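Below is the structure I would like to discuss, written out as structure tokens.
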Amino acid sequence: MTKLSRRRFLQSSAAVAAGSVALPFAGLAQDDAILVGGLHDLSGGLDTSGIPMSQIFELALKEINDTGGLLGRQVKPVIYDPQSNMSLYSQYATQLALKDKVAVVHGGITSASRETIRPIFHRFKTLYFYNTLYEGGVCDRNEITLGTTPAQTVEKLIPYVMNLWGKKVYTVAADYNYGHITAAWFKRYVEENGGEVVETEFFPLDVTQFGSTIAKIQAAAPDIVLSAMVGTGHFGFYRQWAAAGMKSRIPMASTTFGAGGSEPIIMTPEEGDGIITSFGYYPTIDTPANIAWKEKIAAAYPSNTPVLSELAEVTWEGVMIWADAVREAGTLDREPILEVLESGKTYDMPAGKVSIDPLTHHAIRDVYIADLKDHEFIIKEKYEQVPPADTQMVCNLEEDPDANVHHEISLN
Amino acid sequence: MDYTIIVVIEILRAISWLVLLAAGLGIIFGMMRVINFAHGEFLMLGGYTVIMSTKAGVNIWFAMLVLAPLCVGLFGVLVERLVIRFLYGRILDSLLATWGLSLLMIGGVTLIFGNTVEGVSTPLGAVDIGAYSIPAYNFVLIFFAALFMVAIWGVMKFTRAGLIARATMQNPAMAEALGIRTTWVYMATFGIGSAVTGLAGGLLAPLTGVVPTMGVNFVGQSFITVITGGASMIAGTLSASTLLGSISQGMTILTGPVYGDAALLLAALVLLRLLPQGITGRIFTRSL
Amino acid sequence: MSDADDHKVIRTTGLTMRFGGVTAVDHVDFALNEGELRCLLGPNGAGKSTFFKCLTGQLTPTEGVVEFRGQPITGWLTHDIVKLGIGIKTQVPNLFNGLSAYENVRLSARRKHLAPMARQKAEEMLEKCGVTDLAKREVGLLAHGQRQLVELAMVLAGEPSLVLLDEPAAGMTGDERDRLARLVLELSRNASVIVVEHDMAFIRQIAKQVTVFNRGAIFREAPIDEIMRDRAVQEIYLGKQADVAA
Amino acid sequence: MEKPVAKDPGFYIMVLIGLLIMFGAPIWFDLFAIMQVTQYVVLSVYALSLAYIWGFGGILSFGQSCFFGLGAYTFAVSSINIGETTFPFILSFVLPAAFGAALGYFMFYGRLSDVYLGVVTMVVTLIFWKIINHTAGPEYSIGDARLGGFNGIPSIPILNMPGDPDAWLDPAQMFKFFMFLLIVVYIGLRVLIASDFGRVSVGIRENETRSSLLGYDVRRHKVIIFAIGSGIAGMAGAMWATYQTFIDPNAFSLEMSAKALIWVMAGGVGTLAGPILGVILLQWLSLKLGTLQFLNNFVILGAILMVLVLALPRGLVPSVKHWALTGWEMFRRRERAAPPAKEVTSDV
């Protein structure tokens, strides 16, 4: 076997840039525009989250072009649909990095999809923005993570609801990393606030029947049910909970209900009202910036208006923060852009103030608590500039700038 | 004591759930040997029919019990005419084609209705049993599961249509020779199987989140129940649902849902090892 | 029945096969001498094919014992029984339909012989059964009589010492049937043979000792001439034949 | 099958094309294209595993992904623990093969057949899928490898040169090695199918009763076939894991099993070249669809699958072969008046 030397490797990459096409994966026409990659699931199980994210992504790029472009050039989206399929994620990531040579990629929804594409962008030195709330722990200088992590939301939510309802807590959570870690944070903050978690139950994502659990919860008679349920199968939990007449008896709080924006719509008011949640963004935030932003979206998508949630808003933030860093760096090169991003700037966004923690590349941001009423979240409380305490426990990019891992955050 | 009653009701409900999931598939697979991989999507379509029509102001019971089976049944007839009828006797091709159909339906429903539509909440409210309260709707599920079984049995056993269907499935050539339009029988059987699935989907709608991709959560359980049951549509579905439902629900109550699911699968595995043709024997002896 | 059985190829004692409420084979005591050619007669449904299936292990008898050369083989698996040296031609020709005639026969020969020898053996058997010109044809597409001959070649290629033939002459032309009769007679010089057949012309060509089955049990066992004169046999057997013909 | 491998021109053409791609691709294609083709190569090996047991052993498995996933996780866990990939790669063939043999023993000696076999393989796969999805907690680790539940195992080592854990294969080397494996698997299966063992397998596929009446032990044969298929699927899983440097429970999913069925069916059951074509065609299609922005991709993919079944019921390769043969026969018929007898043709 002939060994492909590093030089050959670089040459062949350069050949891609020059636009040579060898297989039938023809790229876009090579004009002067700056290419920006977007990788969101537009079909399949994750499309409820992916479609709004992609719509906002396109709108943000359009906004940049409308306000004069970047470095005197237009920006142009390169959008692929990974169809909720991890192998397509890895292929499109490779394609964006090597073939399209995009300046930056925004996207990835589940942690599995992020861990599929993050190492690819790291390896091919393509700047990557992950604009999703997730379980925390990514330590990679090449990735900017803007969504909330459990420590940010759980820390605020728990004392709030315990103060309201009582100290005895029953946790139900999805049986995967996000659920486990969130449940662990639930436990820590419940105990720190002098309460007790009587039981934590995990549910595989495809479970649809919750009768026995609901009976168990009744037997345990907690003051609060904390939910970290995720996905379409788990919608049944909220529905069956209400059907058993439990909603008026035991209140519920969650840091996942409504994460993708669809639960508050799919659940009827009888089922959803009164569930208290905590996220980094709600469409009901009553600031001029948010109202103006929502108007902009309504104007751009008069029909088929995207469902707004933290995912969608943070995607907007990602594109805007990247554009700002490009303007300030005056180049598309990754290194100067990262330096700007690490400078600790604060950005005004529809969600409030956002800055990037240089040690973790995660967002320090405002966190809200809201109560669902008639499909709308009524904001109850706002906490300013909450740091990603969980990721800070395991990641320090100043000490280890070459880190390329996703830490499991363990609270034990 | 109260808890025991709750547990018994839960187990009954789990059994009914499996019966509802499996009944339509049992008709299509058991009688026609067509693997309908889009079974989950037929359920989904039933669910969508209910939420769309209640949204338009239709009474929820009418939507669940009349509109859902009607729409899905008609859709089933359409599918049979356009696709399935070319695939009789080609069990695997039917698998591939209905796999395609399931993708098509997921995508199509997303395109037409979108994937975030307000669902319907469970009707009838809650019932108190001692210190516990459970959805009254549970009894609706149990009632309809029982009704399904009795109705299918009655139709197959006592009506001329049932006789014709049984004759056609046993020996299509002979049935044709006796003047039965077998193509019609196939079409009707597929349509009825679809309608039953649609009704089940309608009944499940108030209990789950109705989204285009919901089908995948149900298809595994449905197949395992039908196959474990074996050839006899009623005895098979009923015995498999009872056995698997009580084992898995019992485990779920004792330990948790993961082991409940695992127990269901292991029970199915052991059963098939011991009774390689399913609980009710060989597939070709198409008794009831 | 009581003598020492070293020279019995196959012996069944109290062999019974029930399917649900139906008793297809009912306490059959049967024995075949080494080198004997035996014909089994009986109306359809008399239990002859089921009897064969019990001998080859395709069915496990409900009761009773099957011995092959003194060795009990009841409950053995088919392939283990067959390896002792039994070849069977089933009632409905049982062939590898997607393969050519040659491939069918070779598969049989190959179990005993290495490749070159198997090839030679297969060709020899095709020749012997007069189907060499069909060697390359797909057997699924052959006429019924031709398939019978291919199956016979296949059985012979396995060099069995006991051959069971279930209605070998069905679907054959007159010429084919004559060839078959010669083959069976030739075969019986080296092996023990049991033939189930309805075709009386064919039976007269080959038979000596005949066993008549009726309703799962042995009805008569006698030389062919005696059987032909037996009124009772004619009644149960020919009566049934007439029904079938009608 | 009558035609020995050595006399079949199709066989040489396939191997030649394989070798040409193996040595040519790194010269002609850019890095990105090579990585794409590498994926097709890996999935082709996986498709061949099913093509073999189904097309040449008559065993229809709805759970081929069980072995694919097992191989992938075996490779991931053992290479993370050992820090070297040669032994894990071998293990990822051996372990699934052994498990396949055990499961095969359970099924075939239990006389399961037909749909029931399909369902048992499906159920076993579902059990794996459930269990592996349940391993999110930190208590589920094997040595240094956290199983990770739904999120899977990240940072799986890239293959290294045997004996030198630091000499990682670069993408082109990995491509060549995988292509080499594909060619080896193809040749190996062709030879195996043409061998006496293979002839008996085909005999069993055609008629089980007759095979046992000839004295062949059907159950043992099937167990061996199934184990070989499982081993190959496991190896494909390991290739997949090291190619992606990441593996998640989707490797065990029903979708992954169904994909294998679809590739084989689309390409043609009873052929080896067909399933490879099936992989390339359908994977390329879904990749291509994702770059376009019209309709919903599930709609298009679903419609294509349905049309495929209705229009090409035999699968691609047999259909094309059939058309070619019919065309040739019509041509010959015009030459000579007499219609030629249908002869069995080699269909590999």
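For clarity, chains are labelled A, B, C and D in written order, and residue numbers in each chain start from 1.
FYI, a residue touches a chain if its C-beta (ideal position, glycine included) is under 8 Å from a C-beta of that chain, and two chains touch if they have at least 3 such contacts.
Since we're looking at a predicted model, the values are computed, not measured.
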{"item": "Steps needed, at fewest, to go from chain A to chain B via touching chains", "value": "1"}
{"item": "Chain whose Cα centroid lies at the greatest distance from that of chain D", "value": "C"}
{"item": "Chain B and chain D: spacing of chain centres that average the CA atoms, whole Å", "value": "33"}
{"item": "Rounded Å distance, chain B centre to chain C centre (Cα mean)", "value": "48"}
{"item": "For chain A paired with chain C, centre-to-centre distance based on mean C-alpha positions, whole Å", "value": "74"}
{"item": "Interchain centroid distance [CA atoms averaged], chain A/chain D, Å", "value": "36"}
{"item": "Residues of chain A touching at least two other chains", "value": "43-44, 175, 202, 204"}
{"item": "For chain C, residues contacting two or more additional chains", "value": "none"}
{"item": "Junction residues of chain D, two or more chains touched", "value": "130, 134, 296-298"}
{"item": "Complete list of chain pairs which touch one another", "value": "A-B, A-D, B-D, C-D"}
{"item": "Of chain D, residues touching chain C in the complex", "value": "1-2, 196, 199-200, 202-203, 206-207, 209-218, 341-344"}
{"item": "Chain A-facing residues of chain D, complex", "value": "26, 28-33, 35-37, 39, 130, 133-134, 136-138, 146, 148-152, 154-155, 170-173, 176-177, 244-246, 248, 250, 284, 286-291, 293, 296-298"}
{"item": "Chain D-facing residues of chain A, complex", "value": "1-4, 9, 12-13, 15-16, 20, 22-25, 42-44, 79-83, 85-88, 90-92, 94-95, 98-99, 110-112, 115-116, 119, 175-177, 179-180, 202, 204-205, 404-406, 408, 410, 412"}
{"item": "Complex interface listing, chain C residues touching chain D", "value": "56, 58, 77-80, 82-83, 88, 90, 94-100, 102-103, 106-108, 110-111, 115, 136-138, 141, 154, 158"}
{"item": "Parts of chain A lying in touch with chain B, wherever the complex brings them together", "value": "43-45, 47-48, 51, 175, 201-204, 206-209, 211-216, 218-219, 232-236, 239-240, 242-246, 249, 261-263, 265-268, 270-271, 307, 375"}
